[in-house]
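What follows is a set of structures for review.
In what follows, chain A forms one complex with chain B and a second complex with chain C.
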Partner chain A sequence: MTSAVEIKNITKIFNEDIKALDNLCLNIKRGLITGIVGADSAGKTTLLRSITGFIVPDKGKITTLNLDPVEQRDELNSHLGYMPQKFGLYEDLSVIENLELYAKLKELPLSEKENTFEKLLKFTNLEPFKKRRAGKLSGGMKQKLGLACALLGSPELLVLDEPSVGVDPISRKELMKMVKELSLKNTTTIWSTSYLDEAMSFDMCVVMDKGKIIFCGKPKELGKDSKDFQKSVIELMGGYRETKSLLTKDFELKENSIKYPIEAVNLEKKYGDFFAVKNNTFCIKKGEIFGLLGPNGAGKSTSFKMMCGLIKPTSGSAKIMGVNIVKNPTKARSYIGYMAQKFSLYGSLDTAQNLDFFASVYGLTGEKKEEEIKKMVEIFELEPYLKRDTKELSLGFKQRLALACAIMHKPPVLFLDEPTSGVDPIARMDFWSHIKSLSKKGVSVMVTTHFMDEAEYCDRISLFFKGETIATGTPFELKEKVSADNMEEAFSRLIEKSQKNE
Partner chain B sequence: MSKLKALIKKEFFQIIRDPSSIMIAFVMPLLLLLIYMYGVNLDTSKIKLGLKFEDTSPELSTLMRSFDTSKYVRAKIYASRDEMYKDLTRGKINGFVVIPNDFSSNIQRKKPAHVQIVTDGSEVNLSNYIKSYPPSIIRQWFSQSDYKYNIQKEPINTQIRYWYNQDINSHHFILPGSLAITMTLIGMLLTTLVMAREWERGTMEALLSTRITKLEIIASKYIPYFILGMLSMAFNVFVCTVIFKIPFRGNYFVLFGVCALFLFCALGIGLLISSNFKDQFLASQSALSIGFLPALMLSGLTFPINSMPQILQSITTIIPTRYFVTFIQSEFLAGTIWEIVLMNSVFLFILGVLMAFIVYKNTKTRIQ
Partner chain C sequence: MFKRILSLVKKEFLIIWRDPKSRMLIVLPPLMQLFIFAHAMTMEIKNIDLSVLDRSNTYESRELISRFENSKWFRKIIYVQNEKQLRKNIETQKTSMALEINSDFAKNLKRGKSTDLQVITDGRQTNTAAIAGSYASEIIAQYSDEFKKDKGSNIQTDTRSWYNPNLEYLFYTLASLLVLLAMVVTLLLTSLSIAREREMGTYEQLIVSPCTPFEILAGKTIAPMAVAIGLSGFMLVVTVTFFKMPFRGSLFLYFISTIAALLSITGVGLFISALSKTQQQAILGAFTFQTPASLLSGFISPIDDMPVFFQYLTYLDPLRFYMVIGKGIIFKDMGVYDVLANIIPLILIAICTLTGALWLFRKQLD
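What follows is the complex of A and B.
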C-alpha cells in the first residue's frame, strides 16, 4: 500500500519558543481513515495544517498525494476536501447556498451537481432545511453540512479538524457513517478528535503528545474495547495519577438544612409555537451530581439558563436553595456557581486578574479575598500561569481557571454547561476529580455533557429529547432499562425508542 | 471566472442579510450629512454687540436703527460703559462699539470722526466678524444719511462679490466636502470588516483549501463593495442636491467617474487594514484611527492645507481624501474644471493602484 502523506522530520515553532511540532515523522496510508488523537495543545491542528499547506514547517519535508504542499498547493487543493474547526460555513447563507458556493469553488461539473446535491442532502437529512441559514442550524447539522461541503468534488484526501467538538453521540455516529459511505474507496481520511471512543473506530490511530507522535498503529493494538483503549492512551500520554483533590481539605460549605437545593417544577419555555422545554420537573439532592444528557438542540442549554435566571420561563418555577429564581433572582443567584459553555473569562486579562475580578464580583473583599484566591491557585495548580493572559492558556487550564472562578464564593449549587467540550481525556479526568470532591462536600451539581464516559460519573441522569425528559435514573438504571452495555448504546437506544413512540 | 462570480454572489447575500453593511452604506452617511447640514455652521448668525452712544445728537437715531435692523448683529444699547464691560467679561456680548461725544460734530466739521470697536479676542472667529460688521454698517448708514453731502466721495470704491457661492452659504462647500469624508468612512468601513470576518469565522481556511486564487479572493472583495459604495454615493448626492438643495454646477459623469477612483483607494485602505488584523473589532478600531481621523484633519476640509506645517503638508499628499475634497468642492460650486479634475484623478489613480498592489502583497494565504 502506498502512502498518501509522508512526513519526514518536521518541526514548527510558534512565537520562538512554543514547539507545536517536534521533529515529527509519519506515514499515512492511502484509502484508510486515520484518526489523530491528543491533548488540546499536542499539535494536531498544526499537523493537519502542515499537511494541507496552510502552514509552512520550519524544518523537514512533507509529501501529500505525491505533491509538495508548499510549492504545489493549488494542484493539491483540487484533490483536497478540508473541514476546518469551525466548519467553514457561511452563517448568513442558506444550506443550499453554501453547497452551491463550494461546488463552484471546487469546480464541480454542472452535470454532476444535481445528483451530488441530492445524495448529500438526503444522506444528511438536511433536505427539509435546505432554505435555512447555516447559522440557525443545530451543531450536529452544521457539522454534517460542513462535511458535505468538504466532500464535494470527491476529494482524494479528506482532512477533518475536530469535526465533532460539542456534538452529541448520535450525530457523531452519523458523521462517521457519512465519511465511510460517501467518500470514495481510495479516499484517504485524516480526522483529528479528542473523543477516544471515536478514535477506536478508525482504521488507523495516531496519538500525539507535545508535538511528537507517541503511537501509530491499529486502534485494536491498544485495547479490545473503548475502555481498554482509553486506559492505554492515557497511559501513553504519561498516565493519570488520581490524586485527592485539595478541595476536599479546604472547601467547607455553610451549614444548611435544605434537602433539595435545586428544584424545578413544571418548567416550560415556548418560542412562538415551539416548545424549547416542555413540562420539566426535577429535584436535585444535596451533594448530588445530576447530568442532563441529550442531542444538540434538545433544550438542555435552555433549561440551564432558566435555572440560573438568564431566561425567563414561560411557565413553571425554579428554586435554588428554596428561593424562587424568577421572583428573587439576585438572592437565588448568589447561591450559584456557573460555568458556561464558552469560557466566560476575560481573555486579555491574566490569570491572577481574572481570579481577582471574579472574587470581587462575588463580593469577597480584603483579606478574605486574598486568602480565597491563594487557595484556588494552590488547589488548581495555577501558580506558573498567574501572569499569562488567559487567552493563551490551553483549554484544560482555561477550564480549571473557570471552575476556580465559579466556586470561589463557595456556592452550594454548581451549574456546569458542557464544561469539557474539546478538552483532552487527562484534563477531563482531573476536572471530574474536582467535581466529585465538591459533591462530597455537599455541593449539588447540575451538568450537561456529550461525553458518555462522563455520564457515568453522575449520580443521576435525565435524558432530554425534543424539549422533554424521556428517561431519568442512575446510569446503571438507564443501561438496564434498554439492556445496553455502555452509556453510549443506552443513549442511542432510548432516543430511538422515544422516536418510535411518537 | 465562475468561481469569482460565485464568490461575488456570496458576498452580496451577506450584504443583504447582514444589516450592518446597509447601515454603513446608507444610514450612517445620512446621519453624517444631517449633522453637517444642521449641526455645523461656519456662518455666525447675529453676533451680540454692545452699543454706547456718547454722542446724543438726534441725527444719530438713524444709525441706531441701522444697527438694530442689521441681519448680522443683535445690538444692545448700554447707558453706562461699566455695565457694558461687565457684560463683555461675562460673555453676554461678543464686542462693543462706542460712538464718542464728538462724532457728529466732527463729521459736520469735515474732520475725521472716530469710532471705537472692542472685541472679545478669546473667540478669534467671532472677533473677526466684529472687526468687519460694524464698520460696514456704519459706512452704509453714512452713505444714506444726511451727512453724505458733507464730504467728498471716497476716492476708491470697493465692491465685494462672492463668486461660486453668492450667498456665502458655508453649507454649499461644507456639504460637498463632507461627502468626501463620508465616502472615506464608508469605503473603509465596508471592507475593513470583510477579510477579518472570514478569518474570525474560520471560513477563510475553507476557502483557501479550494482552487481559488488570491486574485479572485481580492477581486471578490473589491467588486461588491465598490458597487455598494457607488450606490451609497448616489444616495448621498441625491440627499445633498435634492433634499438639502445644494447647487450642483458640475457634470454628474465626471463626479461619479472621479468618485469611482476615490472608492478604489478607500476600499483598498480598508482591505489593507482588514488583511492585517484577523480580529473584526481591532480592524474597525484601526480603520477609525488610521483611516478616518487623518482624512478628517488633513484633507483640507476642516483646516486649510496651506496653513499647515511643511511636514504635515507633505503627509497630506498620500491621503486620498485630500484630492477628493478639492475635486468635489470645485465640481459642486464651480462646475467641471478639467485641470482640477485631471490632476486629482491622476493622484487618486496612482494611490488606488498602489493600495491594490500592497493589498495583494499583504493578503495571506497561509497562517504565519
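What follows is the complex of A and C.
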C-alpha cells in the first residue's frame, strides 16, 4: 500500500452552479510531503476538506488511509492532524493551555505528554511565551502553535491548509522545518500554499485549476530553480500576459511640488517600557514604491499604522504631503489611499454600493463620482460583479475592488498593508502591474509584504527588526550587502547579522 | 462635511436593511414580543373555576351564586355535596376557589342579621389567590348592598377607574411595551454598529478616510434612530388598529418625545459599542443596561414603592421619563407642559450619553 489518499472522480458543486471539484482523480503517496498550489477558488480547500471528511462530495469516492473519511470518520480522526486556514486556537487560553486541550482531544497518553510538550515548545521557540494568551501572539507564532497542536499524537496524515499565509519568510522556514523534523518517517503531509517558492521545496507538487488537477509530479519536472518553477506553474494556470494597466491611460494626479509626499521624522511608539518602534526616520519620494519588510512582530505594522494615523505616535511626527497627520487628520487623510491586510470593505453591501460609499466619503460627488466609478469598473473589470455582495467575491476580486476604492479619489499617497496575503500568483502579478503604473504616474506607495518576490518590485526597502530599521536600500543594494542571490536569503542574513551584533 | 455624513447615513441604512437576516431581526422580535407580552403579561385573572357547597339552597343563595356565574371572571361552577369534596377540589387544583354557604344564610339575611360565608382560595398561586379573592368580596359586597337596599337605607360605593374605565390591563401593558420595545431595538442597532465594524475590519478603513469621529458617530446615530422611530410608529399603528388601544393625546408630542428618548438611548448604545471589541461583548453590554433600565422605569413596580436610593437612581433612566410621557399621552392626553417637564431630562440625558460616546470614540483613536 503506497497511497495515503486515493481519490476517484470526485465532483462537488456549491450553490447549484459553482463547480469546486470537477471529476477529480488523485493519488497521494505515503510518507511524502505533497504541495497543492492553485488560483483562489481553484478548489484547494474543498479538496482538503473532502480528504478529511468535512465535506461530502456529490460524486466519486475517496479513501483516506484505507478508510472512508465520512463513514469511518472517528477512526480516521485518531490518525489525522488537520490545520485549517484559521486554526482553532482558543485565543483566551494560554499557549500551554491550548496544547493541553489538544492533547486531551487527541487522547495523548499522559506519559508522553511532558516529553512531547517540551520538544514542541523548544522547537517552536515558544518556551518563553508558555503563559501568554494565544490571542496575544504574533501571526507567525500563532501558526507555529497551531501546527504544534496539529502535530500532537504523531498523526499518520497531516493536512495543512495554507499554514503560511501572512507569515514572514523566517517563520515560514521554521514551519517547514517543524513538519520535516517533528513528524514521523511514514507521515504523509498535504500542504496547500500560495507561495510558489514553498511549493518548490516539497517532494511532490499538485497544481489545481478550476476544480481539476492540471499537474501532478515532482517540482523539479516544472523547473530547475524557483524562477523557472514559478514560470511553469503560471504557464500551467493559463499564463499571465502583462497587459498595460488601464490606469496608465486614465489616471492623472493633480500637480504638486512636494518632493517627499510621505515623511517620518523620529517616529517612536512605546507601550509601557517596551519600544514597538524606535526612532524611525524616512522620506518617500514622489512616485517611489517603498517596502517595509520584517518578521512578524518587528514593528512594521505599528510604523505603518502611525503613518496613516491609526495609531498615535509617542513622539516624532508623520507627515503626508507636508501635513501632520496627528494635527490635521482630516486634511492629511484625504491624500491617502489605504488598503488593509484583511479585506476591509463592507461585505454585506454589493460592489457598486461600496464604490459609491468610498467615492462619497472622499468627497466625490455628482457626475464626477459617476465618471470615476465607471472608470474603476472598467479598469478592474468589475462589471459582472456590480450587484454581488462583496463578501461572496473571490479573494483576487476583493483585492481589486479594495484597490479601486482606495484610488478612486486619486490620492498622491497609497498605503498597502500586506495587500496580497493569500492571493494566488497570477492575481498578485496583476495587482502589482497596477501598482507599478500608479507609481509611474507619481503616486508614492508604502507597502508591507511577506512575499520576497514582491519585495523586488520595490524601489527601496526598509528592513525592520525589533522595532528598528536595520537596513535600507534598493533590493539590489540589500542583496549586495550580504552577497545573497535572492531577497529571501538577504532577508534572513541581514536579520541574523543584526542578532549577532546585539 | 454634510455630504460625508449623508453618505455615512446611507451606508448605515444599507447595512441595516440589506441583510435579510438583520432585517428580520429588527422587525420580527418586537412584533412577536408585542403579541406574546400583550397576551401573557396580564394582571387580570379570567376563567376562574369555583366549587360551591350550598347548604342553604334557597332563592337567596342561588341568587348569590348566579352573580358569580354571570361575572366575567368566573368560568365554571362545580356544585359539591360535602366539605370533603370541597377540600379535594382545591387540593387537586380542580378549582382554584371554593365558596361555602351555611344553611342559615337566607334565614339570617331575611331577619336583617349578618351572616358568614366561607371563601377559600388556592394560596399556592399567591397572586391569583389574592386577586380572585378580591373579585369574590366585590361580588359579595355588591349583593349584600343590594339586599340591604331592598330593606331600606344604605350607602353604596361605586369605583370608577379614570382613563381606563374598564380596567383593561392589556392597554396598560401595550403602552409600556411600546416604550420598552423602542428601547430594545434602538439599543440593539446602535450597540452593534461600531463593534460590527471592528469585527469585520472595516473600522480601520473608515478611520483612515477623511471622516471625523463626529461625522462617523452622526451617521451611526441618524440611521438607527430613523429605523427605530419608523418601527415605533409601526408598532403604535399595530396596537391601535389591532388591539384597539385608544390614543387620546397629541401624536406630534408623542413623536417629539420619542425622538428625545431614542436619542438618549442611542447615546447609551454607541457608548457600549465603542467600549466593545466584538459584537458578542456589545450584546452583553446592551443586556446589562437593558434589564435595570426596564426595572427602574416603573413598568413592573411603581417607582414610589422603591427604596429611596433607587427612586433617585430612576432619574438617570431615560425609560422612566419616556414611560410617563408615553402612557400620559396615550391615555390622558397629557398637556404640553407636563410633557416638556419629562422631555427636558431626556434631552439632558441624551446630551450626556452622546457626548460620552463621542469622547470615548475619540479617546480610543489616540
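Here is the rule we use: the second predicted complex is superposed on the first by the 501 of 502 C-alpha atoms of A that agree within 3 Å, B and C clash if a C-alpha of one lies under 4 Å from a C-alpha of the other, contacts with A are read in each partner's own complex, and residues count from 1 in each chain.
By definition in this document, a residue touches a chain if its C-beta (ideal position, glycine included) is under 8 Å from a C-beta of that chain, and two chains touch if they have at least 3 such contacts.
Just so it is clear, the model here is predicted, and its values are computed rather than measured.
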Superposed partners chain B and chain C on chain A - clash or fit: clash
Which superposed partner A:344 touches (first chain B, second chain C, both, neither): second
Chain B versus chain C as contact partner of A:217, first or second or both or neither: neither
Partner chain in contact with A:49 - chain B first, chain C second, else both or neither: first
A:97 touches, of chain B and chain C: first, second, both or neither? first
Chain B versus chain C as contact partner of A:78, first or second or both or neither: first
Colliding region between chain C and chain B, picked from 27-35, 81-89, 99-107 or 189-197 after the shared-chain fit: 27-35
Residue ranges of chain A touching chain B (in the complex, touch as defined): 14, 49, 52-56, 73-74, 77-78, 80-93, 97, 100-102, 104-107, 133, 149-150, 159
Residue numbers on chain A that touch chain C, as the complex places them: 308-310, 312, 329-331, 333-334, 336, 338, 340, 342-349, 353, 356-358, 360-363, 365, 389, 415
Partner chain A, residues of chain C touching it in the complex: 3-4, 6-8, 10-11, 14-15, 18-19, 200-202, 204-205, 207-212, 365-366
Residues of chain B touching chain A in the complex: 2-3, 5-7, 9-10, 13-14, 17-18, 201-203, 205-213, 365-368
